[in-house]
Amino acid sequence: MVNQLLFLYCALVIIGTALLTVRFKNPVHSVLAVLVLFFHMAGLYLLLNAEFLAAIQIIVYAGAILVLYLFVLFLVNLRQEVKVERFVASHRLSALVSICLGICLLAILPFFKLGAKGNYPVGRIEQLTHTKAMGLEIYSTFLLPFEIAGLILLIAVIGGLVLARNDKEVAENELSDSPSAGTCEVQE
Amino acid sequence: MMTIWSSWIWESKNHEHCLPAGESMHYLIIVLQIALLLAIVLLHVAYVTYFERKIIGHMQVRLGPMLVGWHGLLQPIADGIKSFFKEDIIPEQADKPLFLAAPIICLVTMLTSLAVLPFARGWVLADINIGLLFIFAMSSLASYGIILAGWASNSKYTFLGGMRSMAQVISYEIPLGLSLVGVMMLSGSLNLSEIVAAQGTSLFSTYLFPQCIGFFVFFIAMLAETNRVPFDLPEAETELVSGYITEYSGMRYAMFFMAEYIGMMVMASIGTVCFLGGWNGPFAIPFFPPFWFILKVYGFLFLFIWIRATLPRYRYDQLMALGWKVLIPLALLNIFLTGLFKVLVS
Amino acid sequence: MKLHYKPKRNLLETILQVEILQGLALTLRKLFSPPITRQYPQEKPPMYPGFRGQHALVRDPLTNESKCVGCMRCATVCPSRCIQIRFHEGESGERVIDQYSIEALRCVFCGYCVEVCPVGAITMTEAFEYASYERETIFFDQEALLANWDHFCAQSGHDETYVNPFWRPRGARESTLPASQRMKVPDDWTIEGQFVGTRVRQAQESEDARHAEAVNG
């Protein structure tokens, strides 16, 4: 009962903050709404006994990625709201389309079926601790997908390095005649 | 809220052990424990500021506070009363809700981290399995308070302070986390009580010696994470007036102050738990099991203050170079060596 | 000369960060050294001769008035122009002071006025705690300056023989005085630590002479 109430609370807050994220005029406020959203998603993970995921959700998404978003927002420094032309001129048409989509989503709900029970029921996870269970699964059963994901990330990192380095070399060529730092000769 | 929540989650797992009639009593006891812990910690915060002023004063051949009470012993209380009754100034151009929320975010996240610290065997509010990660999560959230304070004040000094803090916290969270991975690998757990238990009771079986590289990295990253000298760039008085807290006054300023000192204490506790063997000491103290834990935390706090009295501030590019080019490779090397050691031993 | 900002260290010194450890050792040592703070309002600083405190006009016990003869030297020498004197000619040609005022807020406490006074009329006392909320009380007119002197004499027990050894004796004619009456330079002062003074000048002159001799010879 308490679990369900907490789930309801988390779910409602997630929906609410997601809407607010879109509605807020100020991008920093939007980012904060996303922060609250991530927080409640972590709450959902906690309700599912996935405490490792909950912590990682906060550390990685809230603590790192969102902070980087804020960084970008501050550096871009949007003083005025960017005005974009509407794709569809009519308000009614867009409302109709979104209502239809909503009905479709709701209509799908009854067909949602729980998957088959896996190797890790709640009791086993509690006994093994979630962190360990996840580590075992990732590094044995799902090793290949994990490595592929790692490789893709590595490519992204190398790409980022290459892009950054090009800029830096140009800058260094411009500054090539500046004296080297470290030691300084003083004539007396 | 998170404290109660996480402890509730933990409680719900041990639901079978509790009698339904005793349940409300149980929650009452937890609330009382939280209140007691908060009171003790806030009192500590007050007197850490006092001892910081005293120790730095004597290190600089001065006296420090002397007038309020015997040798200034009542100074922190006077300061507290003063900041409580001071005018709360909100700049006209500030983003008001965020300006008001920022110090609360800072303080609450820091206080929440206290919930998972084991002060002695069984002396822990929420003995959760991911204690270490929880601390990281909370300390990364605390940076939001600083960033938002910097942004919402709508002043260039606070904004620069907030930006610096943001870059610093992101950079130093990585070596901080990586330096503790070695501890996690050796103890095989993220639960702080189990990490202490895995270290054994003697000084020489603590992780200080096998994880000396990890401890070195952790210590420096800890200084940076708590914005202490020599990494206090976000609040550098000489260049940014007071960084992100320039526009704050009265109680809100005091809240940032408290958050900083609680952060110091939390980090000192993590260092004690992960590297110095937590509550274990050369001999057991009857009636007061957390004695050694508290003594070690005091040692860490003294070190914080001692370093503040000694070292000048780093330059910003040096700070970044140290974090990314020295500490992260060292922490990775430490993980590699620990893994190699474990493979060879087993 | 080559300045190395990065000191050369061997590997062990780099790992242990010796400079940081040395700094920490210094602060730890100082932690146990006695502090030099003076708890000011309870504990007054010691006064030394030559202290340039509050201004006063010496009250002449014979006339019970100021000794000032209106020569205007103090007002002329004052770098911050804070001394104002008005006078008129008396019957036998002497100058009668109408107004003598010092605006102490503008004063830089150089003591030149005391040094040039030929009759020792103006002096600087050892009083220094005369801060006030009103500017007018720190603007001294003749009465206030005489009152300062009375107050100082009553407080410290000095009388009109109060002579500051830094300054030349009062009332003596200038022509009878040696060039200056500064305090003697102690003998343990080395030439290296000094920038001015007779001994430095002499040492430099002899060295220059030797240098010139070497060049000529």
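Per-chain numbering from 1; labels A, B and C assigned in written order.
Operating definition for what follows: contacts are C-beta pairs under 8 Å (C-beta built on N, C-alpha and C of every residue); 3 or more make two chains touch, one makes a residue touch a chain.
Every value quoted in this text rests on a predicted model; they were computed, and no experiment measured them.
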Farthest chain (mean CA position) relative to chain C: A
Central chain (distance from its CA mean to the mean of all protein CA atoms): B
Centre distance in Å when chain A and chain B are each reduced to the mean of their C-alpha atoms: 26
Cα-centroid distance, chain B relative to chain C, in whole angstrom: 52
Chain A and chain C, separation of their C-alpha mean positions in angstrom: 69
Multi-partner residues of chain C (at least 2 other chains): none
Overlap residues in chain B, where contacts from two or more other chains coincide: none
In the complex, chain B residues that touch chain A: 5-6, 9, 12-13, 95, 98, 128-130, 133-134, 136-137, 140-141, 143-144, 147-148, 151, 159, 163, 166-167, 169-170, 173, 177, 189-191
Chain B - residues contacting chain C, complex: 55, 57-63, 66, 306-307, 309-311
Chain A to chain B touching residues, read off their complex: 2-3, 26, 28-29, 32, 35, 43, 46-47, 51-52, 54-56, 58-59, 62-64, 67-68, 70-71, 74, 126, 129-131
Residues of chain C touching chain B in the complex: 20, 23-24, 26-28, 30-37, 39
